[in-house]
Amino acid sequence: MKPLLEIEKLRVSFEGERPVNVLSGVSFSIQKGETLALVGESGCGKSVIAHAVMRLLPSEARVKGSVRFKGTELLELDEKRMSALRGNELAIIFQNPSHALNPVYSIGRQLAEPLRVHQKQGKPDPSQKVLKALKQVGFSRPEHYMKYYPSWCSGGMNQRFLIATSTILGPELLIADEPSKGLDPDRIKEVERELRAHPGAGKTALLLISHDLGFVRRLADKIAVMYSGEIVELAEAADFFEQPLHPYSLGLLGSLPENGFVPIPGSAPALSDPPSGCRFHPRCPYGEKRCLQEHPRLKDTKGRFVRCFLCP
Amino acid sequence: MQKETCVHEKEPCVYEDVELQREARVRKKACIKKEAYLEKEPGIPDVGYVQKKAPGQKEVDILKKAPGQKEVDILKKAPGQNEAYIKQRTWQEKIPVFRQPIIYLQKYGKFLGTFNRAGLFLLLFFLCMALLPSFFAPYSPAERFTPYEAPSVSHFLGTNDIGNDILSELFYGARISMMVGFASACISTLIGLTIGLLSGYFRGWVDELLMGFTDVVLILPKIPLIIILGAFLHPSVWILILVLGLLSWESLARIVRAKTLQIRESGYVKSARGMGFSPFHIMSTDIIPNIVHVVLPKFMLATASAMISEASLSFLGLGDTSMKSWGMMLSFAFSRGGFIREMWWWYMPPGLCITLCVMAIALVGFGFEPKAGDTEKQVVDI
Amino acid sequence: MHSAVKKTLRYLSSFALIVTLNFALPRFMPGDPVKNLIGEDVYVSEAVMEEIRTELGLNRPLIEQFSAYLQGLLRFDLGYSYHLHSPVSEVLQARIGWTLLLVGVSVVLGAILGILLGAYAGWKPETKLNRGIYCGFIAISCTPPYFLALLFLGIFAFKLGLFPFKGFYDTPTIGSVAYHLFLPVSVLALFSASRNFLVMRGSVIQEKEQLYALYARAKGLYDTSILFRHVVKNASLPIITLLALDFGFLFSGALFIEIVFSLNGMGTLIYDAIIGKDYPLLQGAFLVIALSVLLANIFADLLYAAVDPRVRRPA
């Protein structure tokens, strides 16, 4: 089956006095209705993938490679056709909901906006759809909240408004950028529920970006682990959680509270100055000599991809 | 499958022209920066050092006055002694004294856009005019010739109703106009700085009171008040300076307060407080140096607006008739027939001078401000 | 609620300050208060002066004078102009309408022009056209209002003869008023626009980097529709405050423009009062201008609260 989204050798760098390579050749694909989670520490380039797919990177970003959505090369589309896709077939939920909503417009108006933009003719009645969408994300009195403004609501409420706005048209690909960031466990449960229950759920593919493995475990079909601008492991979620292969994945799982809370020593390298050889070697407990010199390739082992010399 | 597309090289329509242009400009800027960087000798710690010590002054004096003596001896005879020190000296010596200000301008200039640099040169020009009018002016401003003369070789801008040479008047007027501007800006900056510092540093009721007062004064319409004061008090430049200075400090006070509130919470101020330094000491050594960059642009803008106010009041006849500023010249041109007779050489030059001078000051002031786009930019977090 | 109380308190103090200033100025300025209160160039004999002194109560204690003054204000008694031989309030009443018309139209036009052009200029600050407009507006904001008025008068009225160079003394019809006001309004509107433009441009440059603008793009909005549907409203919030504070500035600008174009509004009145040292008239004019600026500020505060939901609470 042809994948819905195919990313190949995606490379992004930011121009400046010293150009920074944020992504160095990332490839993966998402099937229809599938949930793929990108995990990794902050600063590894997860959000950049999201913004690159949506073509929302700032102008100093240089993008190379290919991003194909339903066979169309997104990186070559002109801005006008790209806008027609955004919010309609491709949608994103930003990680800072209170800032992503416009402070001076009411929730109802902002929710209806994708409808207004993308359904020019024959719109039935946006408010009905908006009410339905708000109900779906768990508001019992939607007509009341439609008149609210983002500054009157908590971060968790704004997160739900944002989810409702992005999913109101039932996009084929939804990108959720750290939807659980800064929320308490109860709210995370709610967000989880909404990501499963929004209008297009079922047929919508989800690209989930998170550093919270517990959250990811409950939602994802596939897991891609990122480290310093590249994918180090890509596997089915079940396999991954059963037996992670890459030392970094092991470290990530080991740092979960239920596994003993053992942090990975050291900190992630700066993207402007990645270490030679395997990028993880300074922090790797199993490092060998060649890890210092050679850069490992992403190997295919029984349907799983791992970037490590030590894995068979 | 294997194709590698570079979006920006291949497909210019993807990102718009403007962005490409901007990119080119950014690159160009980066190049310029690099050059400036290379120019700097390794012995000089940083630009901050250069600015602080104002090397145009002391160091150069030493070089000038005692060229053969001690310093140079060290340089020549014992080059291995104090390397860093000597490198600084060599650098000082290498560049001729007259070129030094130009180099600082260039260094400072990289922070400025084209407009700001144009403003700087224009301002320098007007300053020269104000400082040395007798050097430029062909005649004394009081000297009388035939009135209402058109421009000619002997009078480039003709003469006015009582036969004064307009060009000479223009040069002498610069001093008065600019003095009013700068002097009243000094007063207003002093007041604004004090009020802002006090209310930001002490907070609480001091803040409430001072800011309440500031808001109240902010609402008073300045020009009408100055008109009425000017009408009661007999016109004099000094009163004008005082009144303008006393009435235009509010926006500075607000900004200084906001900045002070911010700096007050920083580590070094907290530790200074912990060590028991007096508020006055903390304000003068820790806070003021850190708010200069917001005070300076405001000072320039205050100067600019004071000059406009002065010109406006002179136009109403509330200026000092004994000291003819540009505004006064314009006023006379309007009320004494220069305008009806279409003597553009009478009313245009002072007006243009005011506009250009105010613009130069304002542009230099904008140049001091940190670029909004650079600091406020939200970079996508990676 | 607390901030509303504070605001009210500040407006009340402003009001008190304005009234007190107006009361105190003639009494504490150098010179004879009688002279200061009736005007300098009015010739009166010693006896009449004494008579006026008692009539105005200048030999009574200050407190009594102040309360008498306040009572007068309540009756709209702003004093008597000995130059024009009529009460100040009547003179002002006849003229202020014209000035308010000039200022009002210009403020509205200037706001529209400044906000629109400023929004475009901030959205794409690098284009040649926008840079040109930016330079132009900086130049206008650095010119004294009356000089620009003089230039307009010189070019459009004297040289090209398109517009009249005298005010409207004949019977005012809408057509003739528009014809006479065209140049003054354009000058003042340009001024107002230049200040709004500069603020709006900076504001848009800042706001367009905010996350909500990016999210608007992510929702599928295209180019300028992001600007107009999302950025403009946020960016124009500072304009509201600016408009109110600028009202005083524009009012003053209007005075000068009226003088240049010989319009019969407050400006010419004040000009004549300065020349004739007609202090009661000057004071009355100041009071009226100051109070209208105060009202404009109160109005702006209310408008701000209506536009920005962040200063409101849900019902």
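Note that the chains take the letters A, B and C in the order they are written out, and that residue 1 is the start of every chain.
The rule is short, and it goes like this: a residue touches a chain if its C-beta (ideal position, glycine included) is under 8 Å from a C-beta of that chain, and two chains touch if they have at least 3 such contacts.
What you see is a predicted model, and the numbers here were worked out from it, not measured in a lab.
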{"item": "Pair joined by more contacting C-beta pairs (B-C or A-C)", "value": "B-C"}
{"item": "Maximum centroid distance from chain B, chain identifier (CA atoms)", "value": "A"}
{"item": "Distance between chain centroids, defined by C-alpha means - chain A, chain B (Å)", "value": "49"}
{"item": "Geometric centre distance via CA averages, chain C-chain B, whole Å", "value": "28"}
{"item": "Chain A-chain C separation of Cα centroids, rounded to whole Å", "value": "53"}
{"item": "Residues of chain A whose C-beta touches two or more other chains", "value": "56, 79"}
{"item": "Junction residues of chain B, two or more chains touched", "value": "22, 377"}
{"item": "Of all residues in chain C, the ones touching two or more other chains", "value": "210-211"}
{"item": "Touching residues on chain C, where the partner in the complex is chain B", "value": "6, 9-11, 13-14, 17-18, 21, 25-26, 29-31, 36, 124, 126-127, 135, 138-139, 141-147, 150-151, 154, 158, 202, 205-206, 209-211, 245, 248-249, 251-252, 255-256, 259-260, 270-271, 273-275, 277, 279, 282-283, 285-286, 289-290, 293-294, 297"}
{"item": "Chain B to chain C touching residues, read off their complex", "value": "18, 21-22, 25, 115, 212, 215-225, 227-229, 231-233, 304, 308, 311-312, 315-318, 327, 330, 334, 339, 342, 344, 347, 351, 354-355, 358-359, 362-363, 372-373, 376-378"}
{"item": "Touch list for chain C against partner chain A, complex", "value": "210-212, 214-223, 225, 229-230, 233-234, 237, 307-310, 312-314"}
{"item": "Chain C partner contacts - residues on chain A that touch it in the complex", "value": "54, 56, 79-80, 83-88, 91-92, 94, 96, 99-106, 113-114, 117-118, 148-149, 151-152, 165-166"}
